[in-house]
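Next come two complexes, and both contain chain A; in the first it sits with chain B, in the second with chain C.
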Partner chain A sequence: MTQLIINGLIAGSLAALIAGGLALVYGVLGVFNMALGQMALIGGYCTWWLHQIVGLSLPLSIIGGLTIAAFVSWIAFEIFINPFYKRHRFLPLVTTIALSMILDGLILLFFEEKPRAIMPGVRHSIEVFGARISIEQIVLISFTIMLMMVLAYVLHSTAFGRKVRAVVQHDHAAMSLGIRAPLLHRFLFIMSGVLAGLGGIYLGIDQNLTPVFAFPITIKAYAAIIAGGKGNIWGAIVCAYLIAILEQLVVGVHWFGSFYVPAGYQQTVALLFIILFLLFKPAGMFSTKTRSA
Partner chain B sequence: MALLELKDLSLTIDEHKILQGISFDVEEGQIIGLIGPNGSGKTTLFNVISGFLKSSGGSITLGGEDISSLSPSLRAKRGIGRVFQNFGIFRDMTLEENILVALEALPKDQQKELGDLKEVVAGTLDMVGLSDSGKKKAGSLSGGQMRLLEIARTLKAGKGLFLLDEPTAGVSPKMTGQVADIIKELKRSGKTVLIIEHDLPFIGSICDEVVVLDVGKVVLQGTPAEVKESKELKEIYFGADPTT
Partner chain C sequence: MKRLLAPLFALGILLSACTTPVDDGTGPIKLGYIGPLTGEAASYGKDTLNGALLAINEINEAGGVNGRMIELIAEDGRCTGTDAASAAQKLVNVDKVVAIIGGQCSGETLAAAPIAESAQVVMISPISSSPDVTAAGDFIFRDYPSDALKTKAMAGYFKKEGIEKVAAITENTDFAVAFRDALKENIGDALVFDEVVEPGTKDYRSLMARLKDMEFDAFFPNGQTPAAMAAMVQQLREQGLTQVAISHDVAQDASMFEIAPDAVEGLLAIGVPAVDRDSDFGTKFLAEHGEAQGALFFAAQAYDAARLFANAMTEVGTEGVAIRDYLYAVSDFEGVVGTFGFDDNGDVTGMSYVLWTASNGAFTQGEAVPVN
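Showing the complex of A and B:
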């Protein structure tokens, strides 16, 4: 059981990075970015290429991968989001599906279908409460938690963070106070792409990168933000961990004697989350009651 | 020179003429009431003045500067403050944060003039009797309290022209009096205000002039007494009298 929970924390840290950024974008723009998984993979693959093929050091490769992820996000915003989202919030759903197909093609073209690991080789593991965890995984979980703490500080204790939250909650009121909401829209979209790219790098360090990961990454991120509540970044992060742990428990525990759920059904946990929350608690797990008048 | 000049302002969306040839001036220190039936274009006109909708023709001049092509945030920086019909507050932020974010959005020199921002926040909440609720989430307030918070925030952040869109809508009768007192205080301190309101006696008690809109056009303009007595106003609200 401990091993399953630790596995869930590892997978949850990856999902939390992606869902946290997506929650900000969904809260501000109200649009669906169906190419999020591909953006994550772009960050991972570019880091792999810089580290394994070009031969740069790991820190430089990560910086390079994140820079490319930021650039791809900016291009995606200018071409596939910005011209459409003000006309109708569902138009980017279609345009980003097109973007995901283009990025899928580019990933196959440049990186092929072979599994790619940013740090291939034997992992040094330690035992924690009877479960095995690698040093790399401890670093990745610690880094994610630290990043979330920095994000919490910026959002809640700085003038910039308050402006971001104001735009997320009522962008017209924010603009009427002189806050440049369109600039923040662009910035948050790029930040979401960078966090997704970081998720991709995380995946490439912990496991192998393959193009088929893109869609499950996107679905898990949406399950987390739907369950967490629209624009609720902390709700999304908690739900990302919750979904990842549940995924592990669903397939890892022998629930009724010898009966177990086949591993292939692991991905359905996120889809079930989406369906159940939309049916029974569409405002999300952490929605708070506020007066409408 | 008028503080705000609207000249032949028009707005067409999908071939529908929403606003047509709107022209009037707002002098500094004046309170102008904007009235008209639902769908006459009052809030749309506010959206055009504050930059959320781009006019199809005409010009908007604020303090002698043509602001027609500026973004909403740049118009706000020029001094246009806005109170929204549907409560423009940040519900998941505390009352203190709601005021603080407005002050932090001001240009640096104006922030320096204000001094310690935390003291300004405390003073602003005290002004509207909400000083005990500073740490509460704004979404937990009653409609009247939300409105007071929004007006107080707009007063601190805005400096030239205040656009108040139905400030007493969704507010209990008891709190309406408090909202009205703040608006009357604005008038006494010489602030320039454009206000949309359906309560005609209220409009009559605070406004220097009233502009009546119907189907996107200015159909009447004058002092509250002149507008109140006019036959056109009754026709707009109740239709033409069949006996005359």
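Showing the complex of A and C:
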């Protein structure tokens, strides 16, 4: 059981990084970014390239990978989001699908089809309460949780966070108060790309990167933000962990002492989770009643 | 006018799709290729395509088939049935190829087979090993042995080594599931852990946690791709499980060592004997295309398939039925991978298996694993 929870934390941290960024963008810009999984892969692949091929140290490679992820997100915003999202909020849905296909092609072109691991080799596992976890995984999980806390602090206790929340509540009202909403949009989109890139690096260190992995990443992040409630970053992060732990429990638990759920149903859990939420609590798990005009 | 043109255009496309392929006897002979050129299984595609190209270039340099050059038209099957089916449609109806080398993944071959069959276009699959390919059609051949045989060899190995409890994780693809089913027929209840996961899954940790609480003698990572298989073995070893891991030749891929060098150490694989790097084929392939992305024998299988087609067309011409009958009569073709022929189902005869062991970043060939 402990092992299953730990497994859930490992998978959940990955999902939380990506869902957190997605929630920011969806909450503030109201934009669906379908290329998020590809952005995660780009962060991961670039880090792999810098570390394994160029031979930089791991921290430098991670910084490099994130810089490239930020740059790609910025370009993506200027070309695929910015010209469209004010016109209609569903337009970027189409443009980012196009973007995801372009990025898929670029990833294949630059990094080939082979699976890539940023740190190949067996992890040095330690036993905690009868469960095994590697040092690398402990670092990854604690780093993710710390990062989320910093994000929380920035959003809730700084002037910058207040501006973001103001823009979330009402774009135009915030602008009339002198907050430069368009600049903030751009910044947040790049931030989400960086967070996704971190997710990709996480994946590349913990498992391995393959070009086809982008879509499942995107889907899980969407499951988390829908279940968490629109624009609710905390909801998204908590739900990312919740879905991951559920996925582990569904397959790993000997239900009623008599049967196991076949592993093939594991991925269905995330999607069932969305459906159940939309049925019983359409506004999401952590939604609060907001006034609207 | 525009209103009229659109349906006419559509009708035109439909009609052009209905005509049967005809080779007019002049110009280059068109040969089709279907394989995963992109996606997770692309290393199979790259190697087999290069192998086929090597053979065709050699044949063309030597004057072609009765003076006609061979032109290879490659289509991406992406290791999926739907893509392979549209690739086959295009090759058969648009390019009107004489024969097809492919598919590579069993899912590709099975999806392309009915299309080739109905158009009477012969297919030789270089590396599809699913037992289902045996009955895929009269025009469908393969020069790689069926997994039905390999599972028998594997069961024999378990018996010899005293392995009584086998734990398997299977990727939900045509190839891997068929292999699992065939193995189960041979070892029955000895398969004590038998889970099927969706293709592309990377997180097997909940299953490993379950394995930790049970008794088993051998772990069988039954993945469609090296990426999945490496992740399975890595996560098994992370849990401190030290049982022997044994698999089929998907494991024999160079990328396994790049992803999980330590975990892969000691992994066993039952596969066909190696293609000699110093052989005539080996030196030529390495000089022209460099190191194989997956394994040299992938390329050798496709090379032999292409040479077989060339032989057939030299002897009996480019008509589908004639090529088919020629291939059924082959009993001792001297290929790069060995001397082989075809049985009544278009399955290869005369191939054998050996046990491969992963050590120090490479697989080394060991004892023979008999099928009985």
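As a working rule, the second predicted complex is superposed on the first by the 286 of 293 C-alpha atoms of A that agree within 3 Å, B and C clash if a C-alpha of one lies under 4 Å from a C-alpha of the other, contacts with A are read in each partner's own complex, and residues count from 1 in each chain.
The definition used in the following text is that a residue touches a chain if its C-beta (ideal position, glycine included) is under 8 Å from a C-beta of that chain, and two chains touch if they have at least 3 such contacts.
These numbers come from a predicted model, not from an experiment.
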item	value
Which superposed partner A:38 touches (first chain B, second chain C, both, neither)	neither
Touched partner set for A:7, first chain B, second chain C, both or neither	second
First, second, both or neither for A:248, with chain B first and chain C second	second
Partner chain(s) touched by A:170 [first = chain B, second = chain C, both, neither]	first
Residue contacts with chain A in the superposition, chain B compared against chain C	C
Partner chain(s) touched by A:179 [first = chain B, second = chain C, both, neither]	first
Touching partner for A:207 - first (chain B), second (chain C), both, neither	second
Contacts of A:162 with chain B and chain C, given as first, second, both or neither	first
Intersection of the chain A residues that touch chain B with those that touch chain C	none
Chain C-facing residues of chain A, complex	3-4, 7, 10-11, 108, 112-117, 120-123, 125, 132, 134, 203, 207-208, 210-213, 216, 247-249, 251-252, 254, 260, 262-264, 266-267
Residues on chain A engaged by chain B in the complex (per definition of touch)	159, 162-163, 165-166, 169-170, 172-182, 288, 290-291, 293
Chain A contact footprint on chain B (complex, rising order)	50-52, 71-74, 76-77, 80-82, 84, 87-93, 97, 100-102, 104-106, 137, 139-143, 146, 150, 153-154, 157, 170
Residue ranges of chain C in contact with chain A within the complex	38-43, 169, 172, 195-198, 200-207, 209-210, 212, 225-227, 230-231, 234, 237-240, 255, 258-263, 293
